[in-house]
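Given below, in the form of structure tokens, are the structures.
What follows is a pair of complexes built around subunit A, which joins subunit B in one and subunit C in the other.
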Partner chain A sequence: MAIAIIGTGITKFGELWDKNWEDLVLESSTEAVKNANIEFEDINSCYVGNMNLSRFEGQDHIAPRITEILGINKVIRTEAACASSSIALKLASDEIELSSFKGENKIALVVGFEKMTDRIVGTTTGILAGASHFDTEIINGATFPGLYALLAARYLHETEATEEDLHAVGIKNHKNGILNEKAMFRKEINLEDFKGDIAKPLKLFDCSPISDGSASLVLTTEKYAKELGVEFVKLENIEISTSSISLAKRPDLLILDSAKRAAESAYKKADINPKNIDLIEVHDCFTINEILCLEAAGFAKRGKGYEIIRSLLPYENINKREAPVPYMVDGREVFVNTSGGLKAKGHPVGATGVAQVVEVVNQLLGRCGKRNVNPEIGATLNIGGTGGTATFSVLRR
Partner chain B sequence: MTIAPKIFRLNNFENVGKKGEIYSRTKISVASNLFQYNRKVPYITALIKTEDKLVFGLVDEDNAEIGDKVTARIGKLGITKLGLHVYGVVWEFDKTFAKPEVEESKIKRNLPEEKVGISGYGVYIPRYRLNLSTLNKVWGKEVKGVKSFPGKYDDQATYACNSSLNALKHAGIEGKEIRFIQVGSESKIYAVKPTASIVAGLLKTEDCFAADIEFACKAGTQAIINAYNFVKTNGGYGLGIGADSAQGAPGDELELTAGDGGAAFIIGSKESIAVIEGTASYTTDTSDFWRNEGEKFPKHAGRYSGDPAFYKHIMNAAKNLMEKLNLKPIDFDYVVFHQPNSKFPRVVGKKLGFTPEQIEPGIVFDSIGNTYSANSLLGLAKILDIAAPYQRILLVSYGSGAGSDAISFITTPEIENKRKRIERSVKSWLGEEDKENLILSDYSIYLKNKGII
Partner chain C sequence: MAIAIIGTGITKFGELWDKNWEDLVLESSTEAVKNANIEFEDINSCYVGNMNLSRFEGQDHIAPRITEILGINKVIRTEAACASSSIALKLASDEIELSSFKGENKIALVVGFEKMTDRIVGTTTGILAGASHFDTEIINGATFPGLYALLAARYLHETEATEEDLHAVGIKNHKNGILNEKAMFRKEINLEDFKGDIAKPLKLFDCSPISDGSASLVLTTEKYAKELGVEFVKLENIEISTSSISLAKRPDLLILDSAKRAAESAYKKADINPKNIDLIEVHDCFTINEILCLEAAGFAKRGKGYEIIRSLLPYENINKREAPVPYMVDGREVFVNTSGGLKAKGHPVGATGVAQVVEVVNQLLGRCGKRNVNPEIGATLNIGGTGGTATFSVLRR
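Up next is the complex of A and B:
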């Protein structure tokens, strides 16, 4: 029994200093409810993904505050670092699936949001570092750019990949972001812009930005969606897998094993394989991670993901092409991060999981204007931390 | 802001002493300021492949690359916003250093009946040396020479901890066998909370007396004498440490001499490498150097530190001990005096009737400056490195305020057996050997690492 996504909403991502987090949650949720053609009163439950409102904004106990804002009397908050809202989506889809078995017509709202820019960079970096292991990583000065830099350094050491291959991911995603009016950055970047180490070998433009934003989805059963007569996309499934929070305890540093398990499980349940996927939004929090995600999602073997990036060669020509720019995988076009990805669209960590699904749903429904690529099957791969949590979803028109 | 309660138990000494290979590394240029850790950017974090697992850690080498071999030691990782110091391991390049080389013994001294003495010793001196001539531009002083100062991950507690671990290795005992720890220092990292308990935590010894002790530059010998008396009464092992990140105000004369380092001595009644033959002390109310409560840097009385202070106390303590033991200067093979500068120890030795042959082997000042409580202890360690069995050593400390402790040691055949365990000579730590290991820096890096700027 498939779950139907009948509404999507997303705010502009960026440094939204004139808005507070409540404004953002209300804005994306109102948009989602509106295009689902329902009212807030019709919603049975609301799942909210957020990483760290308490340290960013001082607010704990988020759920009843959401009740105040949206008037929904059953709100549940989830946290899994940058995968927080994917967990919310999973719980919501489970509830809808259960209701379909019971013959109930339930509607759930899923919201993901983060307000990150009200803190100075060093503090935000510290809060985000909370998604790594406190006793071994944080006390030793770990930052997220630092942890992903360790992955990048090892990747570059073990494979033939170069720093330019990493940069090409950023250039492509910035190019795609130009067509997304909700994206934080809508400008081209070039190889020569990659300077200034954040954590060697990662340059500033290899890193996704600190951003504010909110994204919302409305879910119901496929049967009820048809009754409501609204356009919808089927959420075939969404799979969660966890691994060790510490990089040092991974079975293989260069394999996002949580993501690999989630993807394999999702493919199996949807009875598809990577060759069936036309479009995927992956977790390019750092450029190296788009490569690792492509490998985990089965588009390339371990240590070979950079060869997919090289389908964009010569990199000087990426910006001369028409956006969105696809990769060539085994002679087939695959669109990755048409939204601009975390890199260009922005990365309000709690919002990202839902925002990825919003992009894929809108692509499947043909609502993405100039950047629409008319996919049949889309997917999302959302990572929490350095791969401690991963979710993989499969969506179909 | 919320801070987890576990912040109160953050010292993480797992992996100390382990060897490994850098598996991946990055140089972090933008740091988190949440806990003020490692605020001295950039710094190197790495995944290190040890024998049994991959570990995450800091590397104290700016040019670390994948594949480099490293060894873990104790380092200060930073200070939390609560003001708590966080200790853990930092990894340094694996190196082989010069080992101690024994000098020919001329005369064999008779061993006393006393069995209590030094079971093992260890030192720790940071690699950084301030090139004193770089102060000329700032302060207009024509000075030359070098002195030690802290690396990025060093402070008084890391000197105490690392020297203690080296002493344990030399003594060949377990940390939990230590029943007494005293750290002599005038640069304690906390005004309230002992460094001795950090050492106890590192050694995993809980049935243990631990305290810090202060008496200007002589607190190190006090710690040894107290450990000696404890062992005589209670048996077991005691640990006496002298460790200082010596303070000198910018522009002050002390800034030209105040150095960094630590030395630790394990006192026991078994397998002593040098037994303690006797001790004597001398104390008067003399105000030649002092630091008021809450002040960062000490003040001093200039030339008054000479005759009425340093010379008077050292000579009286030395004479008291020699009288007590019925010994003359000729009965000693080596002698170590406190070394606040290059001249004083040499002059006081001559005044007491010692020869340069007895004095020179114990001089450490010229390589690292005056490391306050660690000063004369480092001199003693330097001599123990080269001493043959059945030799007599006189150690006389001096602490402003003022007092001196004199201790007479006689080495035993055990000194040769245990010397094999020493991986690095005191001369190497001082930089008299393995000079290429030193990092010669200018005044600006010194000011940063000392926490002055």
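Up next is the complex of A and C:
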């Protein structure tokens, strides 16, 4: 049974020095509630995804703080690193589905947020590293740029892909981001901008930025959405899978096995396959990961995702094209990260899962202005860590 | 519809220097799976509650680490300070109920754990303070002993209760703990042991200890539990409520309004009232809170809970009685914290909610040996922070 998403809200992503995290949560949630045409009092429960307010702001026990901000008396917090808010969405969707079986018409708010530019306990890269395996990765000094560099290096070693194929992902996503007024970066980048290793072979522009931001969704049953008479998108399903957190225990470094399982399960339950997907927001925390995500989502076989990127060749011309720039997959246009992706839109880690869904919902409802690509079916692939957690959602008009 | 709890497991609580958190999770979960008479492969999903592995052990993104330990490919982590694992139980119960409507027979594992004696980022009291309001409480140096001292001072000011009434809670719970082989403290304490203020009027023995520990439950549908032919307890329901996190925003300092709402909702759904409860595990993180919890759970009116404690008078004789020691409430025996409570059993914060349920389930199944009190209906009241989060569960044979 499909769940109805009746409201979306998202703040601008970026270094938001003049706002605190509460401002952001209130802003995205107020927008979502407003365009769902409901009031905060109508909401039965709120699920909030956040990675580490504890170390960014000294605050654990987020749920009752949300109660203070939004006045909702049932708030639940989830954490799964950069997939935190997709887990919140899954749980909200379960509660709505359960309420449907019980003949109730519950309404749930889902919020994802992160305020990463203030940090009171440690460095941002150090805090983020907490999403990898402490005893074998963190303790040896691994950071996420380092871990993804390892995946990128392996990918370049095993396949015919080149560093330029990675960069092309970043160029395309920056181009798309220009049309997104909520994106952190709204300027073109070019191949010659990819200079200086962050972690070989990844350059600065292969990495998504540290960002602040919040995104919100309002969910209810399809039946109630119709009664309310609001426009909505159907969340066909959202599937979760967890795998080993440490790369050392991954049977194949180039397969995001959690993402593959989540995608296959979601396709099966929605009775679709990758050929039905017009638009997908994937987790390009580093450019290599857009490629790995495309493979996990079934758009290409293992080690062949870079061939999709090459549909953008010649890369010098990407910025001459009209945005959003699609890939060609088996002779068909597929839009990936019309929002600008994590790379250009920004990556406030706890917000990202919900923000991906906000983009797809708004695309399906034709609310994206110049960047609208009129999809019938959209999807999101959200990753925690290096793939320890993955979620895959299917959304339909 | 009731959910069946078919397995329970709990480690010894204490300063467990020779075990790491993974050992604890594995130990309690293996015990739960074993007495549910299933295998880990039979489990569909795992919900894990933990407050702050991030700052105690440097590890966020707990879910995929649990996947590595237990081999379960759908793991979800929740956080609500000291109520973290009750939230996990609620979500697992929702999933099982949903699976029942769908005619599936899912099995879920619920784990709560905390390893508090290792701490890599800050002090234990500082880490725990994260469960209070950062901007008004933490930043001004408040700690949990301090915040609960404030509640205790107000209680003693507004009512005729005395410090000795608080101490009697601790004496009773230590007495009960002697019979619990998993308890951290298994020795009697007496009135004269309550010396030296921790935070006026709370003495050392008014405070629960810093502890390590893990507790686990296995849940499935009642129908499937019967098919499996295992003994089980019915989880009638578990209700969650959140309130203001900061004491300054609480309309009445002496009312745990979240707990009151959760209890009232749980009673209503289970069609019972406090008079039906034979045994309740409440959140005695500080002795004052056992009194506030008894009031919130409806055993006494606001400001009158201390009269229940006085059913133990003369306090000098508590240790001469046979454990577990009941209170007399309206002429009826009510057992509170037969496990020894947080005070004597220990309080590994993320484990506590599930540990409370483990005690009640084992009491209902007659598995508590000498401390068994043969209840028909039991309950748990778990608190996060100073009442920002509360959960109330009703369990029945």
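In this section, the second predicted complex is superposed on the first by the 393 of 397 C-alpha atoms of A that agree within 3 Å, B and C clash if a C-alpha of one lies under 4 Å from a C-alpha of the other, contacts with A are read in each partner's own complex, and residues count from 1 in each chain.
Note that in this section a contact is a pair of C-beta atoms (placed from the backbone, for glycine too) under 8 Å apart; a residue touches a chain by one contact, two chains touch by 3 or more.
Remember, it's a predicted structure, so these values are computed and weren't measured experimentally.
A count of residues in subunit A touched by subunit B and by subunit C gives the higher number to C.
In the superposition on chain A, A:278 contacts neither subunit B nor subunit C. When the two structures are aligned on the shared chain, A:78 is found in touch with subunit C, with no touch to subunit B. Of the two partner chains, subunit B and subunit C are each touched by A:134.
By the touch criterion defined above, A:122 lies against subunit B and subunit C together after alignment on the C-alpha atoms of chain A. By the touch criterion defined above, A:199 reaches subunit B but does not reach subunit C. Of the two partner chains placed by superposition, only subunit C is touched by A:261; subunit B is not. Once the two complexes are overlaid on the shared chain, A:143 sits against subunit B while remaining clear of subunit C. In the superposed pair of complexes, A:248 makes contact with subunit B only, with no contact to subunit C.
Touch criterion met: A:151 reaches subunit B, while subunit C stays clear of it. Across the two superposed structures, the residue set of subunit A contacted by subunit B and also by subunit C is 54-55, 121-122, 133-134, 138-139, 246, 249. By the touch rule above, subunit C contacts subunit A in their complex via residues 51-52, 54-55, 57-68, 72-81, 87, 90-91, 94-95, 97-98, 101, 121-122, 130-134, 138-139, 240-246, 249, 258, 261, 384-385, 388-389. By the touch criterion stated above, subunit A contacts subunit B in their complex at residues 54-55, 120-123, 125-127, 129, 133-143, 145-146, 149-154, 157, 197-202, 246-250, 253.
Residue ranges of subunit B in contact with subunit A, taken from their complex: 1-2, 4, 6, 10, 12, 23-35, 37-38, 43, 45-47, 53-58, 66, 77-78, 86, 88.
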